[in-house]
Amino acid sequence: MALAAVTRDPLDLQALMRDIAEGGAGDGAVAAFTGLVRDHNQGRKVRFLEYEAYEPLALRALGRIIDEARETWPGVRVGMHHRIGRLEIGEASIIIVAASAHRAHAFATCRYAIERVKQIVPIWKREHFEGGEVWLEGATADPDDEKTKLAAYRIACA
Amino acid sequence: MALAAVTRDPLDLQALMRDIAEGGAGDGAVAAFTGLVRDHNQGRKVRFLEYEAYEPLALRALGRIIDEARETWPGVRVGMHHRIGRLEIGEASIIIVAASAHRAHAFATCRYAIERVKQIVPIWKREHFEGGEVWLEGATADPDDEKTKLAAYRIACA
Amino acid sequence: MRVTVKLFARLRDLAGTGELIREVAAPATVQTVWNSLTAEMPSLVKYEGTMSVAVNAEYARMAAAVHDGDEVAFLPPVSGG
Amino acid sequence: MRVTVKLFARLRDLAGTGELIREVAAPATVQTVWNSLTAEMPSLVKYEGTMSVAVNAEYARMAAAVHDGDEVAFLPPVSGG
């Protein structure tokens, strides 16, 4: 199972955790994050979401985030899978798993990774709500912007 | 499935996550923590661990931590299961799941909960290592000690 | 009056049992029970500074009153998680 | 020379297509390609300040050189996770 993935299939947290944990019997701490499709957003009743990706670059961006985390928290093992296509309410859009000998590092990696995803991974959400639909737009992606990277780091380590 | 549990059976993160996520379609963020038995500790090669609990009080202490988290992060939903008995290397000793509309709250709850477990839940680890065995002793449990509670809070929210 | 004493982890090992019945005179506190225990098992004494206690599976203080039939637990520093 | 232009999300909607082929004169940069695009589709212009760009599926700058056969992507602000 690839550490970084962009897929139309339902995400499998258990499988990713097993992969990350395997062969890491020195790692006592596994932190995980799952993003679920919410039934409302900004006062709108959400019907479903559609995720679109620039797949090859999204995959690279996920890999980049994994590399950044490993540099920051040596020895951490981390995997992240993002789903695209149509997602129903309650389905997982992203799963992140981080394992480390130190629970502080496992948590920080997970927290850092989800912030970075929202900063630099070329994936877009189209929200289908009751009465219309809209592309959501968050951050201007710039992986070399040290300021946003530091912001993610501060959130993770604060 | 109970939110708080002390059990001799293998822990089931997927089932706990499903339970916590169910009926919470407004919650987009699910953070989870899993503690795994490590193959070494303090330079010793660990063979396996044995966990012992004062079960009725351990269950209450887990429930107390859940209450504390809910007071601190309103709306958060959290479950925590601790396994006892003999655990092999790589097996999960504890699983914690926290769901919230805010990922910061989901992470903070999870982080707070594991710190509090190590502070106030009457469970003990006996380490069977190559060459002997030893009871590990950490914190003097005192749920009313506001200083240790604040320490857990600071770690969670820093 | 009779109380049930529960001992865990290293305290259990030192006492050689996890559960025993003690007769103590009323009125009694957790401290009374502990003193009666350590009088017989002096190896337990050194835990007084770091242990926690519970009465009927609720955390309590050494000064807490103990009644006939109560369960009094002595808990070494915890190491769960 | 010919480059493949990829557009995503709202940019794709505005252009009515997610992929198109442009002829641009060499030497060209991402900016050259963008200018040729917005000349025909002025509704895209307002994205110049907030979009990101990529050449051959690597993030790049507007000043990056573009060669024959390259894939140039224009990306509105991202909203994954």
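Each chain carries a letter (A, B, C and D) given by its place in the written order, and its residues are counted from 1.
By definition in this document, a contact is a pair of C-beta atoms (placed from the backbone, for glycine too) under 8 Å apart; a residue touches a chain by one contact, two chains touch by 3 or more.
Values in this document were obtained by computation on a predicted structure and should not be read as measured data.
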{"item": "Count of contact steps on the shortest path from subunit A to subunit D", "value": "1"}
{"item": "Identity of the chain that, by mean CA position, is farthest from subunit A", "value": "C"}
{"item": "Distance from the mean Cα position of subunit D to that of subunit C, given in whole angstrom", "value": "74"}
{"item": "CA centroid of subunit A to CA centroid of subunit C, Å", "value": "49"}
{"item": "Centre distance in Å when subunit B and subunit C are each reduced to the mean of their C-alpha atoms", "value": "26"}
{"item": "Sites on subunit D at which at least two other chains make contact", "value": "none"}
{"item": "Multi-partner residues of subunit B (each touching 2 or more other chains)", "value": "35, 114"}
{"item": "Chain-chain contacts as defined at top", "value": "A-B, A-D, B-C"}
{"item": "Touch list for subunit A against partner subunit D, complex", "value": "35, 51-54, 56-58, 60, 82, 93-94, 114, 117-126, 135-144"}
{"item": "Subunit D - residues contacting subunit A, complex", "value": "6, 8-10, 12-13, 50-52, 54, 57-59, 73, 75-81"}
{"item": "In the complex with subunit B, residue positions of subunit A that touch it", "value": "13-14, 17, 21, 25-40, 89-90, 101, 103-104, 106-107, 110-111, 114, 155, 157-158"}
